[in-house]
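Same chain, two partners: chain A is paired with chain B first, then with chain C.
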Partner chain A sequence: MASEGASGKYTTVSIPVTLYRRIKKLIEDTGFTSVSSYVTYVLREIVAAHEMEKGEEPFTPEDRERIIEKLRRLGYLD
Partner chain B sequence: MVAKPHGGKLVNKVSREPRRSRLLEEARELYQISLDLDTAVDVENIAHGVYSPLEGFMIQDDYLHVLEDMRLSDDTPWTMPLILDLDPRKMRGISEGDDVTLAFRGSPLAILHIEEIYEWDKKRYVRRIYGTTDPAHPGIAQVMQRRELLIGGPIELLSNVPISPNFERYLLWPAETRVLFEEKGWRRIAGFQTRNVPHMGHEYIQKAALTFVDGLFINPLIGKKKPGDWRDEVILEAYEALIRYYYPRDATVLAILRTRMRYAGPREAVHHAIIRKNFGCTHFIIGRDHAGVDNYYGPYDAWQIFQEFPDLGITPLFIREAFYCRKCNGMVNEKICPHDEQYRIRISGTRIREMIKKGEIPPSELMRPEVAKAILRFKELFVR
Partner chain C sequence: MRKLLVIGLDAAPPRLLYEELVGELPTLGALIEEGARYQLKSCHPPITIPAWAVMTTGKTPGELGLYGFRHRKPGAYNEYWIASSRSIHFPQTWDILGRRGLRSVIVGVPPSYPPRPIRGYMISCFITPSNEVRFTWPPSLKRELKDYIFDVVFRTNERDKLIQELWRMTKRRFQVLRMLSRRKWDFFMFVEIGVDRVQHAFWGYMDKEHHKYEPGNKYEEVIKEYYKLIDEELEQLLKEVPKDAIIVLVSDHGAKRMKGAFCVNQWLADEGYLKLKEEPKKPGMELREVEVDWSQTTAWGWGGYYARIFINLKGREPHGYIDKRDYEAIRDQLIRDLERIRGPHGERWDTKAYRPEDLYQEVKGSPPDLIVYFDDLSWRSAGTLGWPTNYLRENDRGPDDAVHDWYGIYVVHDPQGTIEVGEKGIMKIECINDHLLELIGV
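Take a look at the complex of A and B:
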């Protein structure tokens, strides 16, 4: 049985120094407190968009027919 | 296109024949853990993908990430732990790697494969999730009653949780709403979470949202609530009346979500948005003090938290509280009404409640008379 503990939460990714400086300037007077927090925010946004393109179809054509039948029976579809 | 499921895949852990019959036989021989109604409903929700991408109760790694970072261990946004608690005195004979039967009212409901059994710190939990340790908070009261160990692992559903015939026709699962929205030709769908009967303020924000999307998914929460909340039957009848008389039928779907309220304010608002994303919603309406209780959270805290999730995959719609303005002669909000407070009629849930209790129909600036009449047909209005 495990007990409650903490694990490492961050790792390092290298970006060009010029980009670092550019971002540092960009985030002045914004809600971002560091270049890391900005990069994390932007990367999550982009990664999520890419992942969305890869989503699987959740049901087979047979499932779909069965669902449509139920929806008609319940009055959700004509 | 409707929203992709959270985490990219709609979970389906509903056992099918002939596997189901075999598992039901096996389930009778396994160690049984009895569930209360709310936890049984959670199991059913997991199996039908309501909590996608979760396939079971959280193991410790996910639990701690959710607690501290509001994300699963794979970085997917997730704000409310989904946990199963267990009494240490009752865990003789079970250990990690075993299969156990999750039973409801004496019958096998699901099989749980135990990946991990671990301890949890309830005070840390309530501090992180509720932002307070005040035992008067109704969500905290729920947590402190839970048992000392947590058990995590994937489930497989064998049976359905019984539901009142009054609610059965409103129970749709994410796979079903996704097909429904597609069949209706909706590409943009706004979800609306509620635990109240609808007044004019609700109608205003729902219709404001509907102006910009193809369909409105009204999704009342049916389940354990605190004393004094509106009873589930009353909420549904009130919405039926509102939709019948005032909503475009082909742009509105009313279906229930069975789950308990946690009253976790901002965190629960994100949780509610993720659930509606799994139902296929592309947008989710966040009102004032969403999932809040008393004065534990600021009125717009639930708006702020969404800034932390650029990767949520559902667009929050922040619509300001509405009121009736006698000068504008209609429902408006702070942003669009230039008139003084003296012309404004604020919609008070408490005032509506008091009038209804006395058998009175509230003024039409507060509530549609058809809705009030539907409510007044009930003898029991509130959860005891």
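Take a look at the complex of A and C:
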């Protein structure tokens, strides 16, 4: 299990050194200032995509009803 | 690499911004007069969803599989799903920038609920169910957005209250935009949905050619006043934006006066395409509330700013009636019949009915069998039944004065003067994404 970092908001995971080096080279001259910020960005994208694939409904049944009623009142569903 | 601010004004038409109001809006006027001006050609259909998604992915509605707010669930007559951020399966402008480490601030770009992680900040759009849900990225941003307003409901007769709500919503949004503009960003894009709402609600009070227009009416200037509000708010926002940022002004489609609503399902029933087992008991009944004889129904329709027609195809629909071998002939016949429809006084209409594959090279998702624009969008489509006529001068679900139009606006203003100023012709909405990336320099 990963241990909590000093700030309490970050923790450490291990990646192979060669991958670390490749990323470091890849992010030269981009807006990423560290390998960690790049890895975090990429992981968030992939995790969000996997969550989407799991097909979770974006709206709860109550929210869905609320949205449908709203869209109807906005003229999109007549 | 240049910083870029995109000011999205949902449904802002060239007529108002390039012609009628330009002289009265100092901030917007200066951007327009000193910018490269395009007529933005919207997509098929020219509707908020899919239009903003087309703009920010560079993909057509066919590639996106997005044809409006709702889409049929295959195999059911009355079930549908609602488009959300999860319906977009292509990287959007800010995703492409994020992969290069560039930071974005994205506010209210439809469809952006539920908010997805981006490199920067995101506030979701008007399809957000309520302020109770998670509507920001990062989630902690929500704590700073007390009393944030996503949208107003414009189909109301309480006009004064609506004006108050519109003003409150927009002022709050710009407060938030100013706060976010002080954070670190490379790309900043927001959409003010209030422009679309004020036009739908007050177009008939402003447009002398609208059938509801009365000279000297109390609300004649509301649309103009609303644009002035945007102009003043924008002046304040631009003070916070780096002086060398490129500024883009864009809408997703235009707007024009609504001539009325055409009852598509009543017409289909009149023509024998749709068979009802019973007469609708009252005006305004939805098709799902009326018993349909699916065993003899050829086609049915959906309303909205355009009509979607579905054919009751064997093998695809629960009680399919039309054989696959007759499908194309039926579609051809429907196109001929739809395009022959005349107006309430026998006047010729400019109605167009398209097969999705005529409009898009790739057709994904659950498209309708026909996409129909009554009288070039001037008449919206009403799916409800039980009306004494097929031509409703008022909308079937509360007051609405405007419909969508094909052309919106696209203005690029560079304070550094690298972009040639003046009329630049037409820009297709699906080309905007590439154009924005080019302006930023990636």
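In this text, the second predicted complex is superposed on the first by the 47 of 78 C-alpha atoms of A that agree within 3 Å, B and C clash if a C-alpha of one lies under 4 Å from a C-alpha of the other, contacts with A are read in each partner's own complex, and residues count from 1 in each chain.
Please note the rule applied: a contact is a pair of C-beta atoms (placed from the backbone, for glycine too) under 8 Å apart; a residue touches a chain by one contact, two chains touch by 3 or more.
Treat the numbers as computed from the prediction; the structure is a model and nothing was measured.
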On the A-aligned overlay, A:30 touches which partner chain: chain B = first, chain C = second, or both, or neither? second
Let me test your reading of the model: by the given contact rule, A:54 touches which partner, first (chain B), second (chain C), both or neither? first
Looking at the overlay, what does A:63 touch: chain B (first), chain C (second), both, or neither? both
Does the superposition put A:74 against chain B (first), chain C (second), both, or neither? both
Please work out whether A:9 is in contact with chain B alone, chain C alone, both, or neither, and reply first, second, both or neither. first
Does chain B (first) or chain C (second) touch A:38, or do both, or does neither? second
Report, in rising order, the residues of chain A that make contact with chain B in one complex and with chain C in the other. 31, 41, 44-45, 47-48, 52, 58-59, 63-64, 67-68, 70-71, 74-77
Complex interface listing, chain A residues touching chain C: 27, 30-33, 37-38, 41, 44-45, 47-48, 52, 58-60, 62-64, 66-68, 70-78
Per the touch rule above, chain B residues touching chain A in the complex are 4-5, 8-10, 12, 49, 60-61, 64, 68-69, 75, 96, 116-121, 124, 149, 169, 172, 174-176, 178-180, 183-184, 253, 307, 309-313
List the residues on chain A that touch chain B in their complex, please. 1-7, 9, 31, 41-42, 44-45, 47-48, 51-52, 54-56, 58-59, 63-64, 67-68, 70-71, 74-77
Which bits of chain C are touching chain A when the two form their complex? 47-48, 68-70, 82, 84-86, 95, 98-103, 113-114, 116-117, 119, 127, 129-130, 133, 151, 153-155, 186, 200, 261, 302-305, 380-384, 395-398, 400
